[in-house]
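Below, subunit A partners subunit B and then partners subunit C, in two separate complexes.
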Partner chain A sequence: MTTNILPLLPIIIPFFTGIVMLFTGRRPLAHRVMAAVGSLLALIATIWLTIHVYQSGTIVTYLGSWVAPFGISVVIDMAAALLLLTTAIITMFTVIYSFQSIGIEREKYYYYVMVMFMITGVNGAFSTGDIFNMFVFFEVFLLASYVLITLGGTKIQLQEGFKYILVNLISSNFFVLGLAYLYSVTGSLNMADIYNKLSAFEGNYSIMTLVAVLFIFVFATKAGVFPLYFWLPGSYYAPPMPILVLFGALLTKVGVYAIARTYSLFFIDNVDFTNQILLLIALATVVMGSIGALSYTDMKRIIIYNILIAVGVILVGVAMMDQTGLVGAFYYLIHDMLIKAALFMLVGYLIYRTGETGIQKLGGLIKLHPWTGWMFFIAAMGLTGVPPLSGFYGKLFIVQSTFENDHYISGIIVLLSSLAVLYSVIKIFIGVFWGSDMDFSKLRPIKSDKILFASFAMVILSVVFGLAADALYPLFDMAAQSFYDPASYSNYLTEVE
Partner chain B sequence: MELITILLSGILIGSAVYLMLSRSVIRIIIGTALLSHGVHLMLLTMGKLKRGNVPVLDEAVENYTDPLPQALILTAIVIAFALTAFILVLALRAYGELGTDDVEEMKGVPHDD
Partner chain C sequence: MKQTLKKTGHDKADRQMNDVFLQFTAKLVFLIVIMFSFNLFFAGHYTPGGGFVGGLLAAAALILLLIAYDKKTLQRMVPIDFRLIITSGLTFAVGLPTLSFLFGTPFFTHQHTHIEIPVFGDVALHSAVLFDLGVFLTVAATALLIIVLVGEAEN
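And then the complex of A and B:
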């Protein structure tokens, strides 16, 4: 039996690109070319993969041909394929964005190598079918993110980087503890196999509730969910914008994906408790994120708090655990990755151009940068969820699902959070682009064609995603099916036997 | 036997929490190292200790040792080792730049001079 290498490509391509870059030494220009080529190849591979999954269903590869549940399996269902595709798109544009924004010093010190290694870990966590393997890939991308957050060694990066590492180190230890409990209860680490065993078991599995609490603690810390988001606003404020694009668009979403995956496959018995707790913390995250986004006048802080709101909204959809809610959660997840990358890129351009992050010191930029201004406006509308832009469909399905399940208050909180999002981003738009003119002589003369190309491309992609939402519905329905109907995810095991 | 190791792992994790709640950076790092030791010991115990036979899966062998927790611990130890090394170097660098090893003073937005 030969190993099907296709599902491994999104992991292998960035990994080998990173290694080859390490061997070429400190050559920033060579690194730029290799990073761009590597991410382009990864994009092609993920497009191919998505088409393949759409045509023939979930693809599975057994590493070393050790058949599951004994060996490690890489399982790409539609959900994983869509996330891999979005990750590849964001990586490619962030790499282009970095050319003119990250600075030659950081490029010399292996910035692109670390980006590639981080993408390796993120892609691995999306595509693995083995829970311990997921832990390992979490550590891979976290270790690369530790380097990225401190790369450059400015004071704030060292200070906030230390806290970031500490928080993640502790939660990773609890991940191992949760795995230990899970293994002692189920005797397996393959996620599909664990689901099959648990759904066939007819006794008392109250111990699984304990494991559920441990897992929510771990993944909530990684995803930035209430009450464990305390590290996020401070730490994400420290690194430069291109790194923040990657962190904001990808890292928290891996945590969200892990919550969705484990809660749909493992914690299926005591759903009254586990899904209720998920819903409560998701709503609290939405509320706290809204308060944060409304209270700051610093552009960077406002969009960082918008990450929290989005994570909360997605988890409300996941907590519903029905078809409508999960389709909505998936629409919103993909939408949020694209739009957050676009917004962070545009805000990053404003920060690089003006050298300021506070709204009060800026104004009147629409005269100089009309395109940037209106692109920012479109991105802001998309983030809020104005139809027909991309945020609308996710929220529509999520709210519909909360109403169908009689969680009216949750639905209303999600709807009200849209107002908080709208107010917070329009505050940036009005403050920066309208209003009395700032001192234009203070603007920095920077080269910005690649920065703007990447930012506009992300905005246009998110608009296209919104317009094509109807055509893409079958893909999202397939993606959601692995979660509301976990048996469809785990039946690849029975096909083997 | 399992009870003793579970208690030991509890003591390790308790000490780790005590150390991590202190203000000195070095104590916190030692705390995280102890936490990982406690967790790894717990993981080892979960596969049951002293099952009394070699880890061979064969129809004739009835009570074999489960080799998987040990393989998992090996991976986890290597990761914990790398992270401890990284955070130690970072603490040194942060001490040099910020001039303090007290986490109470690591607040706000410091500016580069």
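And then the complex of A and C:
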């Protein structure tokens, strides 16, 4: 009974919450309560799910009772469970953050409904075991994100939203094309089944390299990887902060997850070529992200370029495809989702309070907001990876793995990128909180208790995650195992037979 | 069509257009199209068709009325709130698969049975129809809502 219901709860709960909100019509206050309750329920469900997966291993359910390779299966291994849990945490705090920041007009026009539908898609993409179904869920969350990015209809939103829609439509087309190739080669869409077939196949399947290139094109566009990140800084700059928190923390990470999943399960033959390409573009992403983060003095842009650096660092870990690299990639993935949400929230508070995004016009805010200032400092240290905080473990494992695999230059680039990250965020801290006082009379009197509650909670959570990293190691080892040892992911099929 | 008439300088364009042929034919064709859409909807389980196509066709039938008359007349003919229809469609489409948990089966497992009805004889009942009804309502109402909104924006 639990195996039937539990894996679907993270998908069903946000969807039902959205539907109930639609029934109540344009009542922002009712929507707030329902969104908060719905995301809390999703959080409880994902905690339960994570515990269940930890105790009894990968949990599988077959939709419509169709047997595995033929029907759609929902497979939740530890990697998916951890991502679902992190998504639920971020959703809950972003919803609370939105109460005082998104504005009543957007709330009236079904803002929370769209957030819930987007979370449905994100959770579905994390938990499905069928590659075509993953495409469907990609479309679900992309459709909701099209609404979110243009909701409010300001000029910049429409301009950048159009770009965003165009880029994503094109890459989705190539996704279907890649799926068609994959299906014509393997004759299956179930990811575990594809792995079983490919690993048992003796002959030459160099066509899989072509499929790998197509897939990397698609997912690199979604995740914002070099050279296809061109749309990301512009498009993410347009929507208001709470939406940016969700986009920055969740959407690019779905692309990263999809790259890790497909590269570990499908592209196992010509590893020299496929993983090398992945490593190269990951490093280029790190470098380009660092250049962007160093060159801007606009708070929002600096943090957006930091997304690129993080995506690159995670993919370096994935490209190593060994235990250390993947444990590192997973630590860094979860860490980055938490810390990016925290940083975006804090930067959002500064923008709402001052009405400015440029660093030069601000200064001396530590006198008025000491707590926010030091929380920002902690978050900045966490993002850089200063030892007791959460960023350290991920980077440690990733760099260790690059050295073990003789990719010394990659390791050094990852380490140097930490310096760029440190410089870019400390630039914000020094510029905004220290320095000569700005004109305090220009500050806006906003209600901020819920904004600050959500931001501080995210910072504290990331600190706790860093301190508890050692205790959480078994979970991350389990999560990484389904990637470096894909047979452990796909053996649910053989158990059935 | 009103817009086109106005552009060409037709002076009586502000009054309601009374194209007798279009309106009479529209009423007749509406009936045929809507019946065909129901036919497609019920054919969907074993033969080509289903909720999605049926819904699109139903929307097309209503849009035909919208073109022949205007928005006010359409609302008097079909006094429904499209948003509510979309929502109830979604409820059917997600609620029904969830109900399969009550039977202890995985999500989306359908239940079916046969019953005897005096005139029709043996009739198969399948819960997939209710799911498809949800798809039908959602698709029809969404298509209509989009076209009505786009039409409003023009004025």
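By our rule, the second predicted complex is superposed on the first by the 494 of 497 C-alpha atoms of A that agree within 3 Å, B and C clash if a C-alpha of one lies under 4 Å from a C-alpha of the other, contacts with A are read in each partner's own complex, and residues count from 1 in each chain.
The rule we apply is simple: contacts are C-beta pairs under 8 Å (C-beta built on N, C-alpha and C of every residue); 3 or more make two chains touch, one makes a residue touch a chain.
From a predicted model like this one, the values you see are computed outputs, not experimental measurements.
S.K.: Between subunit B and subunit C, positioned on subunit A by superposition, is the outcome a clash or a fit?
M.R.: fit
S.K.: Going by the touch definition up top, name the partner, subunit B or subunit C, that contacts more of subunit A.
M.R.: The partner with more contacted residues on subunit A is B.
S.K.: Could you say whether A:Ser295 touches subunit B, subunit C, both of them, or neither, answering first, second, both or neither?
M.R.: A:Ser295 contacts neither subunit B nor subunit C.
S.K.: Touch check for A:Thr494: first (subunit B), second (subunit C), both, or neither?
M.R.: neither
S.K.: Examine A:Gly64 and indicate which partner it touches, taking first as subunit B and second as subunit C; both and neither are also allowed.
M.R.: A:Gly64: touches subunit C, not subunit B.
S.K.: With the two complexes superposed on chain A, say which partner A:Tyr146 touches: subunit B (first), subunit C (second), both, or neither.
M.R.: first
S.K.: Touch test for A:Ser206: subunit B only (first), subunit C only (second), both, or neither?
M.R.: In the superposed model, A:Ser206 contacts neither subunit B nor subunit C.
S.K.: Looking at the overlay, what does A:Gln159 touch: subunit B (first), subunit C (second), both, or neither?
M.R.: first
S.K.: Touch check for A:Tyr181: first (subunit B), second (subunit C), both, or neither?
M.R.: After superposition on chain A, A:Tyr181 lies in contact with subunit B alone.
S.K.: Just subunit B (first), just subunit C (second), both, or neither: which does A:Gln276 touch?
M.R.: Neither partner.
S.K.: Using centres of C-alpha atoms, tell me the angle at subunit A that subunit B and subunit C span after the overlay, to the nearest 10°.
M.R.: 40
S.K.: Closest Cα approach between subunit B and subunit C after superposing, in Å?
M.R.: Comparing every C-alpha of subunit B with every C-alpha of subunit C, the smallest gap is 7 Å.
S.K.: Does any part of subunit A touch subunit B in one structure and subunit C in the other, and if so which residues?
M.R.: Looking at subunit A, the two contact sets are disjoint.
S.K.: Provide the residue numbers of subunit A that touch subunit B in the complex, in ascending order.
M.R.: So the residues of subunit A in touch with subunit B come to 132, 135-136, 139, 143, 146, 150, 153-156, 158-159, 161-163, 165-166, 169-170, 172-174, 176-177, 179-181, 183-184, 189, 237.
S.K.: Spell out the residues on subunit C that touch subunit A in their complex, using ranges where they run on.
M.R.: Contacts found on subunit C: 83-84, 86-87, 90-91, 94, 98, 101, 104-110.
S.K.: Enumerate the contact residues on subunit A facing subunit C in the complex.
M.R.: Those in contact with subunit C are residues 1, 4-5, 8, 12, 15-16, 19, 22-23, 25, 61-65, 74.
S.K.: Can you check the complex and tell me which residues of subunit B touch subunit A?
M.R.: The contact residues of subunit B facing subunit A are 20, 25, 28, 32, 35-36, 39-40, 42-43, 45-47, 68-69, 72, 75-76, 79-80, 82-83, 86-87, 90-91, 93-94, 97-98, 106, 109-112.
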